[in-house]
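There are structures below to look over.
The same subunit A turns up in both complexes below, where it pairs with subunit B and then with subunit C.
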Partner chain A sequence: MKGMTIIVKKTAQLIAGMIFMYGIYVIVHGHLTPGGGFAGGVIMAGSLILVILSHGTDFFSLVKEEMGTTIVESAATICVILIATAGFLFGTKVFFNNFLPKGNVGDLVSAGVLPLYNIFVGIEVAASVFIIFLSLIIFKEESPK
Partner chain B sequence: MNQLLPLFVIVPLSATFLIMIFGRFFKDFNKYFASCVLLFLVVLSFYSMISLNGGLSLYKVGGWQPINKIPIGIYIVMDGFNSLIVCIINLIGFLVVFYSISYIKRYTAENYFYALFCLLIGGMNGVVISGDLFNIFVFLEISVISSYALVAFGVEKNELEASFKYQVLGGLASFLILFGIGFIYWKTKTLNIADIRAAFSNGYDKKYYLFVQLLILSGFGLKAAIIPFHAWLPDAHSSAPSPISAMLSGVFIKAVGIYVIIRLFFNMFEISEGMAILITTLGTISMVIGVFLAIGQWDIKRLLAYHSISQMGYVVMSVGIGMILVSRGLKPEVASLAITGGIYHLINHAAFKGLLFLNAGAIEYTLGTRNLKEMGGLAKVMPVTSATSFIASMSISGVPPFNGFFSKLIIIIAAILARFYLLAALAVIVSIITLASFLKFQRYAFYDKPKNPMGSEVKEVPFPMVFSMIVLSILCLLLSLLVIPSVREVILAPAVNILTDPLKYSTFILGQ
Partner chain C sequence: MEVAISIITGLMILGALFAIHAKDLLSAVIACGIVGYGLVICFLLLKAPDLAIVQIVVDTITLIMMVAVVLDSSREESFSRLDTFGKIAAATGLIIIVVLFYFFIIASSNLDVLGKSSLRMANAYIHGAAQKTGSANLVTGVVFDFRGYDTMGEAVVLVTAVLGVLTILRLKGKK
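Let's look at the complex of A and B:
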C-alpha cells in the first residue's frame, strides 16, 4: 500500500501526536471522568493506525512492529495480573485488594490502584487493537494479488 | 476461606502471556512451561478438593464484604460438585498438554497452541469456580473464543469451515445467555447466584421466570450440544487437532455446558417439575439420537464426537430424573442415586472420551487418515494404542469391570427405582448400540487385515503420547473404585448433597 499525498502526511503527523496525548489523558483520568483504560487505549491505537494509513505500509516494517506489539500487549496483561496478585501481600490479603492509599475524591492521584489498572489496561487495549489492524494489513500484503 | 482459590484463574492466565513473551525467545520453553503449569494446577485442584472435606468454601475477590447481607463483590465458590469438575479439567488438561508435546510438532506456531490452551484452561476453571452469573459469562467467552481459534488451528478448508460454524452457533448461544442474564438482572438487581435465588424466593412472575429459564437452558444447551442444539459439535470436535478434540469433548462441553446447567437449575432457579421433565426429555433424545447418528460414521473422530452427544444424554437424563424426584419431593434416596449416577458418568466420560480421542490422534499421527475403511491390522504394530483404545471402548460401552459399566448401572437402577421403565430400557438399548459401534471401531482399526500395505514408518507413537494414553486407561480402571460405598461417601456424596438440598448453597453464601 502506497502512502498518501504530502498534505495528508503532514496533517497526520501533526494530529497523531495530539490524538495520542488525548488517549493518555482519557486513560489517566479514567477513575475521575467517563472513559478509562479501554476507551483511551482505543484512541491511542487510532493515532497509530492514522499514521500507518497516511504513510503507507512500505514505510514501516510491519512484521517487526507486530512482534514488538505482541510483546507489549502480553507484558501489559502480566502487569495487570501482577498488580492484582500483589493484593495478596498487603492489607486483608485477598486477590484484587486495593492496597494503596485512597487519597481524596477527585484528585488525579487517588483511588488506590485503580489508575494503575487503567494505565496497563490502556496499553493492553491499544496494543491489541493495533495488532488486529496490523494482522489485517499483513494478511492483505502477503496474499497474492 | 481457602486463599488458594483464585490461583485456578491467575496461574493459567499468567502462563498464557508468559508463553507469548518468552516462547518467542527460548525454544521449547512453551511445552515444558505449559506442562509444569498444568501439573501444578492438578496438585492444587486435588489439594483443594481434599481440604474442602465435603463442605463449602467461599472467596471474596477484592475483600468486598456484603452490605446488609447482600453480596456486592465477585464471589468464588468451591463446593463438592465443582471441586470434582476442577479436578477433571486440570487432570485431563495436564495429560493432553503432555500428549501434545509430540503431537503438535507437525503444526507451525506451537507457541500460539500452548498459549491458547492455557487460556482455555483458565476460562474453564473460571466458569466452574465462579459464584456470579456475569463472571460465568465472561470466563465462558474467554474459553469459547480460545476454543474457536484452537478448532481452526490446522487452517485447512475443513477446519476453517468447522470453526466458522462453531462461531456462528457459539455466538448465538452467548447472545441467548447474555440476554437471559440481562433479564435476571433486570428483575433481581443482583448477579450473585445465591442472591438471585433469595430474590426470586420472594415471589415472581411465572411466565417471566419460565422465559428466563428457557433462554438460559437453550444458551447453555448449545454449549453442551444437547440434541436440538448439537449441529456444531461433530464438525468442530472432529476437525480440531486431536488433543484439542479430547479437551473439548472430554471436558469443555461438561464444564461450560452441563455443569452450568446443573448448577443454575438446581441452585439458582427453583426446581419446577415442568423444567425437570423438559431437561430429562432433552437428555433422553440426545442419548438415543446421538448413538444412531454415531453408528453409521466412518470417520473415527466424527464417530467419537457423536458418541459424546449420546453419553452427555445419559448424564442429563439421569440428573433430570433426580430433578423430577426432588421437585415432587418423593423418594429422596432415589433422587440422590440418580444424581450420583449422572455425576459419576460425567467423570467417567471425561476419562474414556479423552482417551478415545487421544487414540484417534495416535492413529491419525501414524497413518495420516481418519477413515476407518483405510485402516486395519494396527493391533500388531501399535500395541499400546490398541490396548488402551480397547479399554476405553469397553468403558464407554459399559462392560465390567471398567468405570462406564458402574455409572450406567447406577443410572439404570435409579431409573427403574423411580419407575421410569422406558428410560431404563432406552439406556440399556443405547448402551448395546454403543457397544456395537465400538466393536466396529476396534475391528476396522485394529484387527482387520490392512487395506493398504503398511510401510516401516507405521510404528508405536512417541513416549509422551503413550504415557498420556496409559495414564488415562489406568484412570478408566481406577474410577470404577468410586462405586465402593466408602469411597463414594467421600468423593461423590458431597457433590450430590449440594444438589439434592438446593438451598444449602445459597444459605451458606448469604450467611457469610
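Let's look at the complex of A and C:
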C-alpha cells in the first residue's frame, strides 16, 4: 500500500500526537468524566492507524510492530487479572476487591484501583484494535497478486 | 424526546434498507454509517455520553476499515435472481417478522414509559455508588467495581477475537 501526498503526511504528523495524548487523557480521567478504558484505547489505536494509512506500509516494518503489539496486549490482560486477584490478599477476601484507599471523590488520584483497571484495559483495547488492523494490512501485502 | 428518537430511528431504518439495495458498495458502506451515527445521537438524547463516545469512535474506525476494503476489492454488487429456495427463505422471514411484531405489541403494553422505570438495583447504584467506590463517574464505578466479572469477560472476548483474526489471516507461518 502506497502512502498519500505530502500534505496528508504533514497533517497526519501534526495531528497524530495530539490524538494519542487525548486518548491518554480520556483513559486517565475515566473515573471522573465520561469515557474510560474502552473509549480511550480505541482513540489511541485510531491515531496509530492514521499514521500508517497516511505514510504507507513501506515506512514501518509491520511484522515487527505486530509481534511487539501482541506481547503488550497479552501483558495488559494479565495485569488486569493480577490486580483483580490481588483483592484476595487484602480486607474482604473477594475477587475484584477495591483494596486501595478511596480518597476524596473528584480528585485525580482517587477511587482506589479503578484508575489502574482503566489504564490496563485501555492499553489492551488499543493493542487489540491495532493488531486487527495490522494483520489485515499484512494479509494484503503477503497475498499473491 | 420520543418524537426525535422516532425520527432518527426511521432514518436509521432507511439507511439500512438503502445499504442492502445499493448497486455501488462504497455508497452501501456510507449508508451503514448512517445507522451508527444515528445511534450516537440517540445515546446523547438518552443522556448516555459514555456509550456515545465508544460508539462514535468504534463506528468511525470500522467505517475506515470497510472503505479501505471496498476500495481494494470490487465496487460492484453482484445481484442474483431469486430461485425457489430464496423464495422459501423470504416467506419464512416475513412470517417470523409478523410473529415477532405480534408478541412485541403484547409486551410493549406491559412496559413502563421510556426512561421512567425505576429498578431496585438501579436505585441502589445511583444513590450509593459514589461513596462506596470513590469514583465520580458512576459508569466506571459500576463497570469496574460492581460488575468487574463482566468487564474481565469483555477484555477476554477481545483477546479471543484477536487470536482468531491472527490465526485466520496468516499466509506465511512464523519462523
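Keep this in mind: the second predicted complex is superposed on the first by the 145 of 145 C-alpha atoms of A that agree within 3 Å, B and C clash if a C-alpha of one lies under 4 Å from a C-alpha of the other, contacts with A are read in each partner's own complex, and residues count from 1 in each chain.
Everything that follows uses one rule, which is that a contact is a pair of C-beta atoms (placed from the backbone, for glycine too) under 8 Å apart; a residue touches a chain by one contact, two chains touch by 3 or more.
Predicted model, so just to flag it, every value in this text is computed and none were measured.
Once the two complexes are laid over each other on the shared chain, residue contacts for A:Ile78 go to subunit B alone; subunit C is not touched. Between subunit B and subunit C, more residues of subunit A are touched by C.
Contacts of A:Ser135 after superposition: subunit C is touched, whereas subunit B is not reached. In the superposed model, A:Gly122 lies in contact with neither subunit B nor subunit C. Touch criterion met: A:Gly91 reaches subunit B, while subunit C stays clear of it.
In the superposition on chain A, the residues of subunit A touched by subunit B in one structure and by subunit C in the other are 70, 73-74, 77, 81, 84, 95-96, 98. Contact residues on subunit C toward subunit A in their complex (touch as defined above): 49-50, 53-54, 57-58, 60-61, 64-65, 68-69, 72, 130-131, 133-137, 139-141, 143-145, 148-149, 151-152, 154-156, 158-159, 161-162, 165-166, 169-172. Those residues of subunit A that touch subunit C in the shared complex are 26, 30-36, 38-39, 42-43, 45-46, 49, 53, 70, 73-74, 77, 80-81, 84, 95-96, 98, 102-103, 105-106, 110-112, 114, 117-118, 121, 124-125, 128-129, 131-133, 135-136, 138-140, 142-143. Against subunit B, in their complex, subunit A makes its touches with residues 67, 70-71, 73-75, 77-78, 81, 84-85, 87-88, 91-98. Looking at the complex, you find that subunit B touches subunit A at residues 3, 6, 10, 13-14, 17-18, 20-21, 24, 59-63, 74.
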